[in-house]
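Below you'll find the structures, each written out as structure tokens.
Both complexes below contain chain A, partnered by chain B and then by chain C.
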Partner chain A sequence: MTTAILDRLGARGRSVPAKYVPVLVTAGLFVAMFVVGGIRYEGFATGQVILNVFIDNAFLLVVAVGMTFVILTGGIDLSVGSVVALSTMISASLMAGPGWPPYLVVPLVLLIGSALGLVMGYIVHAFDIQPFIVTLAGMFLARGLCYTIGTDSIPIEDPTFTAFAQTRIDLFADLWISPSVVIAAVVVLVAAYVLHYTRLGRTVYATGGSEQSALLMGLRVGRTKVAVYTISGFCSALGGVLLSFYMLSGYGLHAVGMELDAIAAVVIGGTLLTGGSGFLLGTVLGVLVLGLIQTVLSFEGTLSSWWTKIFIGLLLFVFILLQRLFSARRRT
Partner chain B sequence: MKRLLWPLLVLAALLAVNLFFTPSFFSVEMKEGHLYGSLIDILRFGAPLILVSLGMTLVIATGGIDLSVGSVVAISGALACLRISEDGGVFSAVVLALGLCVLLGLWNGFLVAGVGIQPIIATLILMVAGRGLAQLITDGQIITVNSPSYKVIGGGYLLTVPFGILLVLVVLGVTAFLTRRLALGVLIESVGGNAEASRLAGIRARGIVITVYAFAALCAGVAGLMISSNVSSADGNNAGLWIELDAILAVVIGGTSLSGGRFSLGGTVLGALIIQTLTTTIYSVGVPPETTLLVKALVVAAVCLLQSPKFRDKVFRRAGPPSSPRPAAEEKVRVTA
Partner chain C sequence: MDVPAPVLRMSGIGKQFPGVRALDGVDLRLLPGEVHALMGENGAGKSTLIKVLTGVHPADSGTIELAGRTVSFAGPLEAQQAGISTVYQEVNLCANLSVAENIFIGREPRRRGRIDWKRMRARAAELLERLELDVDVSAPLSSYSLALQQMVAIARAIDVEARVLILDEPTSSLDAGEVRQLFHVMRRLKEEGIAILFVSHFLDQIYEISDRMTILRNGRLVGEYLTRELSQVTLVSKMIGQELAELERLHGEARTFDRPLVEARELGRTGAVEPFSLTIHEGEVVGLAGLLGSGRTEIARLLFGADHASSGEVAVGGVPAALRTPRAAMAHRIAFCSENRKRDGLIPDLTVRENIVLALQATRGWTRPVPRDQQDELVGRYVKALKISPPNPEHLVRNLSGGNQQKVVLARWLILEPRLLILDEPTRGIDVGAKAEIQRLVAELSDGGMAVLFISAELEEVLRLSHRVGVLRDRRLVADLPNDDTLTTDRLMETIASGGRA
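Take a look at the complex of A and B:
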């Protein structure tokens, strides 16, 4: 069936370049899910449902943006979930124990996350060790640091944090978003600008396309690789800050398995896991699709939470198959 | 054998640390006809990890990776416990569970070899969906079974030795025979070195890749039975969680390169034992168990850095003449040898 759709898309003319098709398919899927949900459930087809998906997944969106950078270079970052947890843990413990003010804690957390990413990126680049293994060690390290800080959940009672968590930004016609959504949106816009309009962004694509060619062209491949892991570390730390707004607690078991969600969002968004091809908009759509699955399941009511995992697995399968068909077509 | 030197030294060092803190660490005694002792415990609790790592070794030798083993562990335990709690037939339950695992492995192999998807992604699908599947089988509950014959797999004894250890020895023996006495091992390494060249040389690369994924899933299935039988219950949510990472770690520590093309079963067993001993050591030395992950991270980092030719060149350059200016070339020679 997918082949038929692909052929039709191809036959319709050259107006849709092949590189946009995965993103379009994801967008189509999102719209279809929304329409079907709207027909099936009362009160589903409202703007607030989509905004709620953004509100509930703002942290995942930020993390997935960082993951997109890494995957575009052909790497992978397994440490994101642990870094998110570490960020919530550090901010909660610093504010609860010594009573540090938020304007010191947040920059410190962002700095720690970036530093972790920097170190991992340096090891990947300098010693030629597979990103999978290096970030796996980073994942153990960050999770271990969480448990060393404390094994219990630490509540956050700082007035600035709670105020931030409870603020509602009213849009038109009863629609509202949380400040976290604004932060996530800014991150997406900045990241999109960096990827498409700066030298760093173009080098990211070149490195993922063919590292050898990029090197021969005189691009700074090594520096770029270190940079993407640093960006991913920064985004994970920022995601952790947003998660602590959302949860108002720090806990070593927060965001377990989030790296899988982030990778799934990037893949569903149409980014090739071999690197070099994909868009940030796709990642945003991927996060939205993941969020909408959960919304649909909660509206359905009778379906249990594990169906989320099965559906995500199925979606992953379909989109990977789609990617495979595309790369096969491009070669012929 | 030189490859096994580092893992052996690490294991010896870990055991020495244990001996220092608990002088009776090496004593093995007989109680009620069973063998008891810290060393036996390490083997017994490490048995599932060794099994999963053995399967993972062969997959990694073909240049692949299998992230789904943790989910397969959960599925196998869940299905077996469900069947036993329904009608009590242990044998049919075990056969059914292992059959499903092989099927899942074939699915992974089909995605990798048939469709041509990157292994890490192909198995990611089952890793995510499989966890859901296991919870679907157990209906999100923890299924407890009361079956003495099922309990034997993970908690029983045969001829004074824990049954799990015997099971591992049998699987290890069969695998070693198949891969080192027959041509299969060479074929696997050749596919890992260059799948396309192997195919042109007349090796059925696809068949071999599919076989190793099925084997990895089967090993994971047996490990799943062991884990769930040891506690007489199946937990679809937590059984085998992160065991795939430990298994990959064991394989890497054992000196099998992640890029494929060569493998060492002995190294993998050593690697798995190192991980299990590390956990035991942390408990016996009195370091808070929360720091297990921290120590693990440091060990992984150290082992990986030591194995990186670039790192050794950079750090040990002054210590002697540059040992191998072209490590990549040397690697290729070893593959074809």
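Take a look at the complex of A and C:
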């Protein structure tokens, strides 16, 4: 069923520009999953199911946006999960211990996340070290810092914070979203604008296409590379804040492996791991597909949650193969 | 005759690198509306002079005047802002971006900080129209040929009100039609009064397009000449500093060979090359002629097992052989010098010795390393035989000139004593002297019984060396011609054009 739709999309892809094909494939996959779910399970095909996917994955979406910037330059950021955890930990401990108010804590957390990203970006650029290894170090560092704050889960009881976290924004016809979804949507829109309409965004694509050429064309490649890791650090910290809303606790074991979910979402969204090609809309669809898999499994009821990982694994294989096929066809 | 004031004047330029005097008192002047060729062998100092001019290297001595004012640039960007733009041999653009973006990135038209895509596309279309190119500016650059990409690079270069345009070997990977297109663009720019500095190894192209030339030899100025007043023979002798005996026709006769070595029967690969039959005999040089992308390299890759054949079979020495991988081909003693020596052939960070021994080591397997004294002995012999310079086997390959790098690739395969040597564009982008040496070597090898498949974009070269010429067109082997007295470049050209039907 799914493959039939993929085939059809692939065939139609000849009339659409090649660069949109991966995004369309992901969109097709999402629609197919939704339709199949709607047929199989009662109460699945409602607007709220999709909104719930957004509500449950707002933090992942924000983190994946940052990851998209990094991967578009041809880099990778493995530190995002740990930075998310560190952000929940710092928020929770500052609000629980000294009782700082959220409007001080949140900006501080965002600053720390951006600073971590800035430092990693600077090391990647200045010493010309592979981002994989620099952000791997950052990953251990941030995770370790969580445990210096505390080894147990710290609950968040600040009244303003919890009230905001539990707010329901009612839409029409009984549909609702959380404030996190609004924040994530704003992040997506701003990021899409930056990528498409600013020099920074276009330099990100140029760097991913060919760093050497970008340099010779007189673009500020170094500054751009530092910028994308800073953006990713900022997005991770913001993701951490959203996760605190969702969990209402800070814990060193939050978001273990989230960097891999984020990378998976970006890749399923059609962005090439080698950089230079991909769209933010694809990343949004990638996160939605990952979220919908979980929803389908919860509707199924009998399957254990590990099936999520198995499906994500299979999907990744399929998408990486698809990317290979498309890029191979373009070369001939 | 009246000469207009030069746009650019470099005088007494000197540049010292550790151990080498790269430039010594070189003068160069560029006149508006002229194509000026910069000539010299590899290592004569052409690239260094261009790098000094564009601010990549600071000059140790001498002055640069642009429109009468003394200038010195801290980098290519600054030079570009002053009106000196450079287009390199490799297209330095981002193939993933659109044509319009490649022209304007870094200086996109903006409105309130927001990139104005509409105006950008309109201006790009206008600019390309000025060059008389019909291109969809919103299509990704990767959907166009290398030649068009080069034109886009030129469009990018001249958008910034260029007064001087430097073209550093722009034609080395273009075929004849694409070169004509490039020259058309160059003539237009000339009419607009831009001074063009042109570097190329193809003498015919120099004579076709340039008005004036400056010749360098070993970092020194030989002189400035009007192109029409200098004959090709004098030019070459000035470049290499000695009278060059006319390159004799090395084979140029159709001999009959009776011991087939490699026979391909209806060998083909879907989408790459249509099924072809080709027999290569021992001691025979078979040339492959055809335009860029006509399937020349694809045939070589099939015979070397680098690509899988989708149809047909190969026999080596009369016995059917499965050439499924390069290793299998190497076991039959088939060697392949690839077209792109930088990407497929050489490892720039290893020394000459390590690069040469590589293929030999691969045939032995990693458990039996080649003893060091044997390495030194072998490498020493080939460095001497091929006149690799500098003759130091411990030199890093990346510091060698193009011609010498090509010799290293050759040496690597010659060590294996192959029965069939496939050479894909072995003389591309290297100077006249090294070219003649490589050609002579091919002739010697085939006299010694080695079969050679020789691929080159230069028809004269193919004719000079081959006993037999296979002609390719549109991924099909259209003709297999013995190289007798009736075969000329004109006839080859006709065969390519007519597809062998005439």
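FYI, the second predicted complex is superposed on the first by the 317 of 332 C-alpha atoms of A that agree within 3 Å, B and C clash if a C-alpha of one lies under 4 Å from a C-alpha of the other, contacts with A are read in each partner's own complex, and residues count from 1 in each chain.
Keep this in mind: contacts are C-beta pairs under 8 Å (C-beta built on N, C-alpha and C of every residue); 3 or more make two chains touch, one makes a residue touch a chain.
Since the structure is predicted, the reported quantities are computational estimates derived from the model, not experimental observations.
Report for A:46: first if it touches chain B alone, second if chain C alone, otherwise both or neither.
Touch partners of A:46: none, neither chain B nor chain C.
State whether chain B or chain C is in contact with more residues of chain A in the superposed arrangement.
It is B that touches the greater number of chain A residues.
In the superposed arrangement, does A:137 touch chain B (first), chain C (second), both or neither?
Touch partner of A:137: chain B, not chain C.
Which holds for A:19: it touches chain B only (first), chain C only (second), both, or neither?
Only chain C; A:19 stays clear of chain B.
Considering only touches as defined above, state whether A:166 meets chain B (first), chain C (second), both or neither.
In the superposition, A:166 touches no partner, neither chain B nor chain C.
Where does A:197 make contact in the superposed view: on chain B (first), on chain C (second), on both, or on neither?
second
Is there a shared patch on chain A that both chain B and chain C touch, and which residues make it up?
After superposing on chain A, no chain A residue contacts both chain B and chain C.
Quick one: in the complex, what on chain A touches chain B?
So the residues of chain A in touch with chain B come to 76, 123, 126-130, 132-134, 136-141, 143-145, 147-148, 151, 260, 263-264, 267, 273-274, 304-310, 312-314, 316-317, 320-321, 324, 328.
What part of chain B is in contact with chain A in the complex they form?
Those in contact with chain A are residues 65, 115-118, 120-122, 124-133, 135-136, 139-140, 236, 245, 248-249, 252, 258-259, 288, 290-298, 300-301, 304-305, 308-311, 314.
If we count contacts the way the header does, which residues on chain C are in touch with chain A in the complex?
76-77, 80, 88, 91-97, 101, 105-106, 108, 110, 113-115, 139-140, 142, 156, 271
Under the stated contact criterion, what part of chain A meets chain C in this complex?
Chain A reaches chain C through residues 17-19, 196-199, 202-203, 205-206, 208-210, 212-214, 216-219, 276-277, 330, 332.
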